[in-house]
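Let me begin by handing over the structure; questions about it come next.
In order of appearance the chains are A, B, C and D, and numbering begins at 1 in each one.
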């Protein structure tokens, strides 16, 4: 029998001695009364962009779906086993989530594959099909010849967030709850290199950095907290 | 325009002042050279069981897929847009992951829905279909009348991990890499209430707590009673 | 004449030089005034699960019945020589016990025999009959094919505790005293490997680990990682 | 829901911080490889006479049956659910025990009930029947008018040990293994007040104290260890 990854076991011990120790009553309460998160985050599998880390969220705060490139398919009740759609249904209808955040990020491998032809990953059975949820946009952006490679990448990452939001709105209950003001849908994009979070303007679809806060200035100090 | 959730913005500022500030070189390096995680975790969307928290992992360490009930469908290259399969393909073929961990957890809402009939979530279009990846097991376990409700729940959670592992092995490259010793597949189950991590024995399929480590012993008082 | 086991004689000397020497007044008092334990433990004969060891109890504290698999037969005043029933009667009517604990444990050989067919122990005259106190449950659980061998074993161990409690309640005075609040019946399960004690919820019949106590928290390091 | 006895929970914590902590590898090994005790002790339920305490034995050493007055019924394969016989069968045939110790003790409540007429416990359904395993001896000893009450009690306690040994030898495999020299049967009697252990001479049936050992002298010292 092979053994469990030692890095995970040592990390788990740190969790137990730290986060769990400090919050064990909260964990017990969350177990007893059930989760009641108000926010769902649809994010990428990428190892550099965990929502709980970026938003500093603890147990019970975020209901998190992660797939390649944070894609949402359009509503298609065709009897298929749609994992992303099941998670959305669970969050919105089961948990009564009030905010859904689609969070993309820079240097996304799935977006890179969609822009690159031929891409080594094209040989596979699933990635190409999955990224085809972006529709003809990927191919079109790949032909934007006056942009740099990095610009095309970032733009498709951001378009992809808008595309997921549009698909999310094809779910009847999402649309209905949004109309009632009971559900809000947001977009965000995380720059792995700089740590910047860019937030989508819900009307224009543009991405901007939130205005700076007093806390941000503390970043220039040298001393450790 | 509605505004981005304030809890997430304040959490993000904490991240920037803490994790990012302390690790900004690592983030820049990870952005420049690309992610090279060696471990993929397939976990549930549940807000109480984030892999990065439980395993105390930082940027670049875990490639994380999260769906309802951490299910893996069997290999089915039928042209459909299979998000979970795309993530597995990306991790195994694209990133050369060496360890895949299926991590389930207690009080799983998806498993609960699969065991409950009728469940309020049955009315939806996707959750029931998604949970049908468990096959007839859920219905069978729901008839194990000598078990308590909680026992049936835990057992199906654990069976589901074994089921995901079995389905993972229907992917030809997973099977091939495992045979070569280049890929290992693990199961784990997290108890939200107690914080306990149970690890699956790769041969018997049983779940046990990892044996204590030197660090753990130091936790105990030195004097004898 | 053969001699008394030397291991027991040397152990006895350790007892005299330690426990007895430190507590000889208590022993004399207990002998003079009689035992007045408030707790009865019904446990298994297993050499790895002595109640006095696990509960760190000294002389006079626990009235302990031990048989194979900690079984309690239903109340059957048929004139037979029922040892377990006699001990229950002695504890509840003679000693006025206020708490009865049925304590099962992992890897129980009696439960294993009940689940295994044919089992080498089936050839005997008594074990099979004795384990038949579990009724048809053992055979049913042995057919729970989606569980692993170890899961079936643990579940039958736990069911057996619930079964013993149900049988205990067929004794008229147990039922009457419980109704008056003068007697409480508890279930517990001991994991030989990890040393964990699981306590039964008296309403649901589920087994959980007791929540941590102040003492336990002190076991963890003070600094954060 | 009522809660588990707090005395047992605090004792359990002491066990975990002491015995289990020091022996956790032994517990894990005992769980993995199974118990292999060489000695069975048949003792009384009395709270003042736990075999593990008196013989200072740890996990895996003693297979312990406890019933009221440490009685053994004669071999009676009549299809009844005989708990004591099942434990003997398990120990001798299942575990291959090499030594069986019948351990009685002073101030035994079961013996007291058998000698007293009418005894309050006579009203019950089971104790009188159970003590009838002593046969007509109890009634006869109760008429030994030239003895004191305490003498009659001690004598019946010791006779009862001899009686249990005689009944034990009605089990065919016990008799056969004894004849081969593969099993030895012993008697012992513990004086709760003085802590003295009296060992039965296997030929005469008399009880004597084992010769003193160097360690015993340490009992006269005043200082505590």
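As a working rule, a contact is a pair of C-beta atoms (placed from the backbone, for glycine too) under 8 Å apart; a residue touches a chain by one contact, two chains touch by 3 or more.
For reference, the UniProt names are A, B, C, D = Carbonic anhydrase.
Please read all numbers here as calculations on a predicted model, not as lab measurements.
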Measuring between mean CA coordinates, which chain is farthest from chain B (Carbonic anhydrase)? D
Is the contact between chain B (Carbonic anhydrase) and chain C (Carbonic anhydrase) built from the same residue numbers on each copy (over half shared) or from different ones (under half shared)? same
How big is the rotation, 0 to 180°, that puts the C-alpha atoms of chain A (Carbonic anhydrase) on those of chain B (Carbonic anhydrase), in steps of 5? 180
For chain A (Carbonic anhydrase) versus chain B (Carbonic anhydrase), what separation do you get between their C-alpha means, in angstrom? 16
Roughly how far is chain A (Carbonic anhydrase) from chain D (Carbonic anhydrase), going centre to centre by Cα mean, in whole Å? 66
Computed distance of Cα centres, chain C (Carbonic anhydrase) from chain B (Carbonic anhydrase), in Å: 37
I'd like to verify one number: the distance from the centre of chain B (Carbonic anhydrase) to the centre of chain D (Carbonic anhydrase), where each centre is the average of its C-alpha atoms, in whole angstrom. 51
Each of the following residues of chain A (Carbonic anhydrase) touches two or more other chains, namely 14, 16-18, 24, 28
Would you pull the chain B (Carbonic anhydrase) residues touching chain C (Carbonic anhydrase) in the complex into a rising list? 56, 137, 140-141, 144, 146-151, 155, 158-159, 193-194, 196, 204-206, 208-209, 218-221, 225
For the chain D (Carbonic anhydrase) and chain C (Carbonic anhydrase) complex, residues of the former touching the latter: 1-2, 4-5, 7-9, 11-20, 24, 27-28, 30-32, 34-35, 37, 39-40, 45-50, 52-68, 71, 73, 75, 77, 79-91, 93-95, 99, 101, 106-107, 109-110, 113, 120-121, 124-127, 129-133, 184, 186, 188, 191-195, 197, 199, 201-203, 210, 213, 215-216, 218-219, 224-225
